[in-house]
Structures are given as structure tokens and as C-alpha cells.
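The chains carry the letters A, B, C and D, assigned in the order they are written, with residues numbered from 1 in each.
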Amino acid sequence: MVKKGKAKVDLQVQLAPGLVLKNPVISASGTFGYGREYAPYLDLARLGALVTKGISLRPQRGNDPVRIVETPCGMLNAIGLENIGVEAFLARELPGLRAAGATVIVNIFGQSPADYAALAAILERETGIAALEINISCPNVKAGGLQFGTDPKMAAELVAAVRRETSLPLITKLTPNVTDITDIARAVAAAGSDCLSLINTLTGMAVDLRTRKPVLANLTGGLSGPAIKPVALRAVYQVVQAVNVPVIGIGGIASATDALEFLLVGAAAIQIGTCNFVNPAITVEVVEGIEKYLREQGCTGIGEFIGSLRLPGAGRD
Amino acid sequence: MVKKGKAKVDLQVQLAPGLVLKNPVISASGTFGYGREYAPYLDLARLGALVTKGISLRPQRGNDPVRIVETPCGMLNAIGLENIGVEAFLARELPGLRAAGATVIVNIFGQSPADYAALAAILERETGIAALEINISCPNVKAGGLQFGTDPKMAAELVAAVRRETSLPLITKLTPNVTDITDIARAVAAAGSDCLSLINTLTGMAVDLRTRKPVLANLTGGLSGPAIKPVALRAVYQVVQAVNVPVIGIGGIASATDALEFLLVGAAAIQIGTCNFVNPAITVEVVEGIEKYLREQGCTGIGEFIGSLRLPGAGRD
Amino acid sequence: MRLFYAEVKSRQEINAGIFTVRLAGDGRFGDQFIPGQFVMVGIPEAVSHDPLLRRPFSVARVFASEDEFELAIKVVGRGTTILQHLRPGELVPIHGPLGNGYPLDLLEPPGKVIMVAGGLGIASLLSLLDHCRQRGWPLEDLALVLGARSAAELVYVELLEDLARQGLRFLLATEDGSRGQQGLVTAPLTGLLAAWEAAEPLVFSCGPLPMLRAVCRLTAGRHCRTYLSLESRMACGFGACLGCVTRKKEDDGSGSWLKVCLDGPVFPAAMLPW
Amino acid sequence: MRLFYAEVKSRQEINAGIFTVRLAGDGRFGDQFIPGQFVMVGIPEAVSHDPLLRRPFSVARVFASEDEFELAIKVVGRGTTILQHLRPGELVPIHGPLGNGYPLDLLEPPGKVIMVAGGLGIASLLSLLDHCRQRGWPLEDLALVLGARSAAELVYVELLEDLARQGLRFLLATEDGSRGQQGLVTAPLTGLLAAWEAAEPLVFSCGPLPMLRAVCRLTAGRHCRTYLSLESRMACGFGACLGCVTRKKEDDGSGSWLKVCLDGPVFPAAMLPW
């Protein structure tokens, strides 16, 4: 089975009936600006897709600074979903992304199911949007969706409300800050989410011994980066077992090897967040790294690799 | 308020009516063996206390290897609560600890509330046990208590059952793998736990791309070490606000500064786990570091420092 | 803005905990550089994720002919401790130049320029001083006020004293009086502002926040235009994380923020709330 | 067992990705050392928590008179990549010697000793060979079979060839035939066992698991006593974490485990399940 060669590897992945990506590498919401910020470093069209900063009906100011702090192998952020609002996004940002040939996934959030539904209805009318990512998992603002993301019933109702407004492919983004992430996963898949993405950040805190104050003005923030990779990999593995819709793996990906680990446990695609800050060209490097690895493994298509984890005792090792 | 000097700082902390420790530094369960393993590196009597490996009614074999794997700034373990059982512990390990002058907290777990209660009844009769730590938070075995630790009602019933069997001070150890840790905290405090300790490990997973297998025979394991410190600090802060009993902070402590951060957010004491493996003498070094810091800050007693976090807008900064 | 690995050409210990490091450009770094810009420096050890984020440092000097540039760094934490051990030949991940830099359109002679540096803030202003000299500004019309807690926190003093002998108005103050006059920069600055006000000088300042605020207070209402270079915690350095924001003047709590990395680090004092 | 910071005295590149490093003891390290023991080596960069855990390495040589010891390290991952860049003068956290070491009570002449090393397993066995020579064992009664994938993975060969000229029975095999005979150690070992069986030799082996299993199979039923030095993932190295366990022979699934770090790393083959 392992043959080497220069043959082209098919990296296409399907995440929903109408959503086929040229490769499984996606930039994560809130870490890739509106895409434009990264144009000097890479060709946006080379990404499987990019996910915008979370967009709300009206512009949001976000939290006061201090908003970020580094932690061991990670960082806490409490940006607070600052964004320019859906109108400005459509007028000022989307046209450029379309022109750049980017596959655009818009991350949306609101304070009520009606907000989410209204956003979906607005975005439904636009061209150049490949899918919506419903954020029910931001820990940094009271109305950041987390109240929906921790309750299977509320999460399902919210997804159903969005589903009614749009035929766009829907991705629901889940929080790891729950007792059983598969409960939420099953509920939102049943409610019509075509795909799930996980994980959002873990709630954390940092204090400054010198000043005896919390570092973040918001007190707590979301933990991201390599530190959380083991938690993310576990959550993705569990959810892949629990649902029949594709899963996008997110959390601490810093290399093609990390990305391949998520694909191995069954993620159909991956998102890279924090590490974009460290290396703005990382997404494209990971695309290349995945292709190289699969070619060396003799795979002709990425489908052969996804979910190929061998379980002990399953008679396959 | 800030005066410097060589004056002795009083490091004593009270964790329960009958439980006063000479200092707030405790070794964490499962990372300090039965204490004996560390005797070559430090004087066990210098610790605030030591917590034994989790003890069950009968010896436990634990999980198959591979049991540990390093992750970014942390490690996953799936030891599976291997231990020699309560009888062997009392016969072979406790006498040595007593002789060494150690303050011994016994960590207990079982498969049912009756198991926990039976353990408490047995340990109640022994001398040289300062307190029991009830583990309802081990993610690595099906019957490791986690089923109790994620449900406030079951957790409370279990603690009440133990409470009926013993007058020993009770510490309940909480898992962070829940939607709202304060729910469990309030429930077990109300059920008679004198003190709470948190956090136990976060559930995580690692895979090996080369073999395409999970690294741990148990598939998933518990994440510990500096990577989880922000999550632990947040959980401790939240629980301190939510309950009226003392809280022991655990998670990723690697230095006196880390330990002081937990005390700052209100922990009455701290436990050090994973970092004992890296530096077997770390607990004593942290005791010394805390004392030095408090002396430099002009504190005469550690009580002045515990919980002295200044909140923005609270008019104190 | 470039993304490359820079070879360490040399490193020089200035004082305990302060050093300069000279790095190779990538052939185009110098062309793109505007004084006041900074670079995000990655941790060379690629196998570790701790520390994770790059660190921002002002570019103190560009040596165009050699395609090299220099940073001046004070050791304050984990990242700078690692950078302190850089050796010639090592490769350091560099991202930059980033930020807006000083307003070059205003920076044409004639006129008078006052630069006020606190501690390592001198790094940013040194690049501006170099620029002014290259634009043919007479040294006599340039003033540099440098303050620090003590002599041990000073860098580039010899270089500046040399320029002082050639005409630069160089005023030095340390809080403990271990070098220059004792006290804060505010004392010499007050005198200078009074003396030069008629010329409507440009004032540029970079240093700790309390100093910047003091500079604002001293220049407010005077006939001078003041620009401040700010610091902030940064995750990305290029406008992607929204981590580095600071408050605008007349912010009623509903408006947007200034991104220190992209809208700054140099701001007209009039834009800032102090 | 000692816990100290060891100064790097020298470092020598052997082949691409393999090096030896000589470290200063703490005055008592050599006295306590038993051949076959290992040390847990910490990552020198104290400001980083990544990698977090110490790494186990066999002590290949002890230079008692200089109070120094030597490790031979192959670069396979993050920790060893960092250790590869150690410089003379740097301080490395050392914890050790740890583990049981080879059974010294049996290691008295006369008799014959066969050592079978795979790859870096030579490090552990070199300390044993040194011990045997110090106990006055004639080199003619000692055999060392060394195997590796290729010549590039060999270390200490010159030293061993030198001893071979003085009488040591030194057999070398590489899988690709780039040095010594082509193939696995099993071929030369089979011959040696047949030739020396009458002397009821002691057999010690250290190397990759497949090789240890092969040594077990070849020696089983013969008149020899076999000891194997195992590797395992270790978090602590001193019996505290229970991470390094391995299965006992005749383990019905209810018994206890062997701790590689404390009960081992050296085990009689009879204790192991292969």
C-alpha cells in the first residue's frame, strides 16, 4: 500500500452537500481578521477556506484592553467579538475576498436566536459566501453564544432557526467547556447543521503577581494554542464517533503533523487559529505539508487517510 | 504596608476545623507515590501535607502501557489508578510516613458510594491520617469516580455517605471536565465536604502519526502540567467566589510564582503534581519561595495575602 | 513587510540585562523600513512552543550598505532571556518592518525636532535621529532628551555624546543621578520646550507610559506637534488579532479602538486620551 | 541518586544526529554509579516549559579521576534536538544515577560475558564492559556484538576496535552492510552462543525491542543467563509516576507490573513475557 511517487494527491474534502473545499486547511475565526490582513503573506485562494472574524448584526466594540496574554504553550484572549457588523462586512470586506478567489465562510453570532436567524437571512442573499459558521461557543462576552453552546436543547433551537432562513451550508462551532460535548454535537446535527467545527477556546485566567490584578480586563479569557491540542484531539475523536456529519478539527495546530493527527482521528478538515499570529504563512505551509506526507504514504486521495486511526484490539495492528 | 525584613512569616493555613497545615504546599495525588519515593530528595515533614496515590478497597492493576505521553507544556497520563489497596497501604506505607513526621492526606476512590464509605470507615480508625481527599474526578478509568464528579446530586450523595462514616476532615477533589464547576462545588460543600481541591486533569488524547495509533493504550488520558494552569486558575477563582469552604488550587504549578498566583485568587493552599517528576525537590523550593516573597512584601502572615486579588473597578487599584 | 530568517551577525552586551543584536536583512528590509517601525522576533528554537508568540522590538538602526539592522533589547522576561543567548550565525525568525513609523511627510527640514526617549525607547528614536541626519537636518536643530532609572539602563549613550560634540542638543537624566542630571526627563524637557517653542518644534517621544503622559502634559497648549510611540501586548503585530488596542481620545465607550501595531505604534498626541 | 546541575565539559559529534557529551559530576556521582544505570536529563533552558519532562539516557562512561561522565545521544525528537546544541560551560539539570543497573554480584570473573548492543544500546553496555575490565576480567572472555542499521548509527566503534586488537571478541553487523558484516546481530550471536555455551556465559543485551526479543529466543533453552536492559517512556525515572511499567512473565492480567525505571531497566530475561 505504501508506494512513493510524484503523483498528484487529491486533497478535496466535502463538508456539506454544497461545500467542497480544494483542501482541508481553513483559517480559524478571529485569528485571520477579514482575510485581507493575510493577503501580503499568502494567496488566499490556496486555502481550503477562510473563516471571517465573528460577525454580528451591528458593529461591536469588544472588550477593553488588556485583551491578550501569553500562557505556557498558549495564549488567553478576551477580544470580546469586536467586529465591524454585517453591513460594513458586506460592503467593505466581502468584495475583496471574492476578487481574491477566496472560499469564504462567515462566522456569525448574536444575542438571541432571532439575531442569528436575521444574520443568516442577510448573508443568504449575497454571492461569494461558501458557508456560515454558527458560533455558539465564545467564552468572552456575556452574549457570545456560550449560553446556547452549553445546552443541547437551546443549541438545537438556534441551529433550527438559522436553518429556516438559509440554504447555505451550516457549520456549528462547539465549545469544549461542557461535561459532554457529544450531547451538543448530536443535538445540533439533528437540528440541521451540515457540519460541526470544534473546539473553541477553553475558559482560563491569568493574574499578575506584581500588580495583584487579573491580567485581562475581562478577568477570564479563552485559552488557545498548542497547550490545548490534546483536549481538542480528544473532543474531535469523540464527536466523530457520535455523529454522522463531517467534523472540522480545531485547537493548537502548529504544523502539518498536527493537522494530520486531527484528520487521522476522523476530522474531515481542520482550522488553524493562534499559530497564524506566529507564522502568517502557516496555513499554506500546512497545505503543502499534508500533500507531501500523503504522497509519501502513497495515498491518491485524502479520503483514504481521514479517519484511518488504528484502534488497539481492533485486529488492525 | 510594604516593609522588608528578616521577620518570620507565618505560613500556617487552616483547611478544616481539625486541619491546620504548617504551610500551604501539598503534593498532589498520583504524582508523589506513597511519599517514600521522595524521601531521598526532601524532608517530608517540611511539606504542608502530602496526598497519597489514590487508594481503593482492593489493589488495582491500572491500565496497560503506554500510560504517559508528553504534550506541549504538559503530559497525558492514563495510569488508571494503580494502587496497592487500603490494607497494604496501612500495613506497608503509613507507618513510614508517620515516622517521617509527614502530614498525610489519603486520596480515596471506589466504584460506588459504598466503596468510598467503607474506605472512610477503615481509615477513620487509623492514627496518622490528617484528612481524606475524595477523588470524584479521575478521567482514566470507568470506575474512577468521574461519573460522580460530573453530577452535583450524585457527588453530594457520595460525600454525605463518606461524611457519615468519618470525622476526619474531608477534601473533595473536583474535575474541570464539566460545564459549570461551581454547581458541583456548591453541592459537595453543602453535603459536608470541609474543603475542596481542584483541578484534576482535563481529558485529552494523543495519536502517533507513524503508527497511526493512539499513543495511550487507554485512548484518552488526563492532561496536566503548565499547559492547564490558566484553566485551573479560572476554576479556582470561580469556586472561591461560589463557596464558603477553603479551596486547594491545583494545576500546572511549576514555581513559587505560580503557587502565589493561586493563593492570590483565593486558594487557601495549593498542590503540585506533574512538576514533581521534573524536579523532585520542587515542593520544598516552593515553600521557601513563598516565604521569601511574603517576607519581601512585608506580610507577617500568609492570611494577609490569600485572596488579595484586586479587581478592576472595585475601587482598590 | 517581510517574513524571513535573519542571521545573527553580532551581539553586544551593553549593561547587565541590556544588549544590542545586529541581524542580516533579506535584501529588501532596509528599502522598506520607515523609522519608528518595529519587527516581531520569533523564538529561534523551533522545536519548542514555549514561549509561543513573537516579541515586538523597534529597529534601532539600519545599515543599508551591509543590508543589516540592529535591535536594542532589555531582558525583562522569558522571550528576552532566550534572545539574550543568541549567537552569531544563529537564525532568528523576523517579521517586519511593521507599524506606521514616524510621519515622514512632516520630517523635512527646516525646523526643530525634539526627541524624548525613556529607557529602551531610545531604540525607536535612534532610527528617527538617523533619518533626520540623512535628510540633511543640521544637528543643531535636533534635540534628544534621554531618561532612565539609572546609568545601567542606558544604551547608545556614547554614540549620542559623540553626536552632541557635533552639535546635537543631547540632554541626559537619570532618576538616581548616576549619569547626567538627576531626575526625570520632564525637567530638561521643560527648559527645552520653553527655549524652542518659537520654532514650533516637532516633538517625538517613546518610552514608558508615565513618561509619555508627562510629555503630553508638557507639550499640550504649546506651539508644537507631538507624536508618541506606544507599546502594547501584541500577539500578531499586523492587525489580525485585535489584541493590542488602545483607547482613542474622546472615546465615549461606543467607538472603535486604535490598533497599536497597525494604526501605530506612532500616534499624534491629539489622538490619545491623555 | 543525585540531583544537580552538571557543567558540559565537551561535546563530540559522532555522526549525523549522534553525539557524545561529557559532563561534570557533583563529586559523588561516580561513587554511586552502577553500570547499566541511567540519568534523567533536564532541558537547560529554564524559562521554557516545552519540552517539559526530563529525558532518560544511559551513562556510557564514568571518568572517576576527573569526576566526569559521558552520555551518547541519538537525536530523535524535541528533547534530543535541544540537547544537541549544548555548549561547553552550559549547565544541564541531571538526576541520577537511577535504576538498578547490571547485577554486580554475578559480574565477577572467571566466566564468559556476552554483550549484545543495538544502536545506542551500546551506551549502557559500554559501562558494563568498562566494569568488567576494572574487575580484572580477561578481554578474551568478553564478547561484544554490536548491530545497527548502518555505519552512520554506530558510536564508540574505534574504541571497541582498539579493544578487539587487545583481545575483546568484537562482532559488528549493520543491516545495510556499510560496516562489519551485513545483517542483524542474530547471525554472529548465534555462532558465538554455540561456541561459548559450554562456558555458561552471562548474556546482557540493550537495544531496540525486536532485537531484545530475538536475543531472548536465541538464548532460551541454552546454558546461559540472560539480562535485558529495557526502554520505556518515562515521566519521572524514580518510581513516582507509574508511567513506565511493563508486563511480567506469566502475568494473567491481575498481577502487578514491573517499573522499568526502578525495578529495571535491567531485568533477567526470565522475568519478561517474551
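By our rule, contacts are C-beta pairs under 8 Å (C-beta built on N, C-alpha and C of every residue); 3 or more make two chains touch, one makes a residue touch a chain.
As the structure is a computational prediction, the values presented were derived from the model and not from experiment.
Here B-C and B-D were compared by C-beta pairs in contact; the pair with more is B-D.
Greatest centre-to-centre distance from chain B is found for C, with centres as Cα means. Chain geometry summary: the mean Cα position of chain C and that of chain D are 54 Å apart.
The geometric centre of chain B is 47 Å away from that of chain C, both derived from CA atoms. Averaging Cα coordinates per chain places chain B and chain D 37 Å apart. Residue positions of chain D touching 2 or more other chains, listed in rising order: 49-51.
For chain B, residues that reach two or more other chains under the stated contact definition are 72-74, 225-227. If each chain is drawn as a node and touching chains are joined, the picture has every node linked to every other. Contact residues of chain C toward chain D in the complex are 45, 47-51, 77-78, 81-82. Chain D makes touch with chain B in their complex at residues 1, 3, 42, 49-54, 93, 95, 232-247, 253-257.
Those residues of chain A that touch chain B in the shared complex are 71-74, 76, 150, 177-179, 202-207, 209, 211-214, 217, 219-221, 223, 225-231, 233-234, 237, 252, 257, 260-261, 264-265, 308-312, 317. Per the touch definition, chain A reaches chain D in the complex via residues 72-73, 226. Within the complex formed with chain D, the residues of chain B that make contact are 30-33, 37-38, 40-41, 53, 59, 61-62, 64-70, 72-75, 77, 79, 82, 225-227, 254, 274, 276-281.
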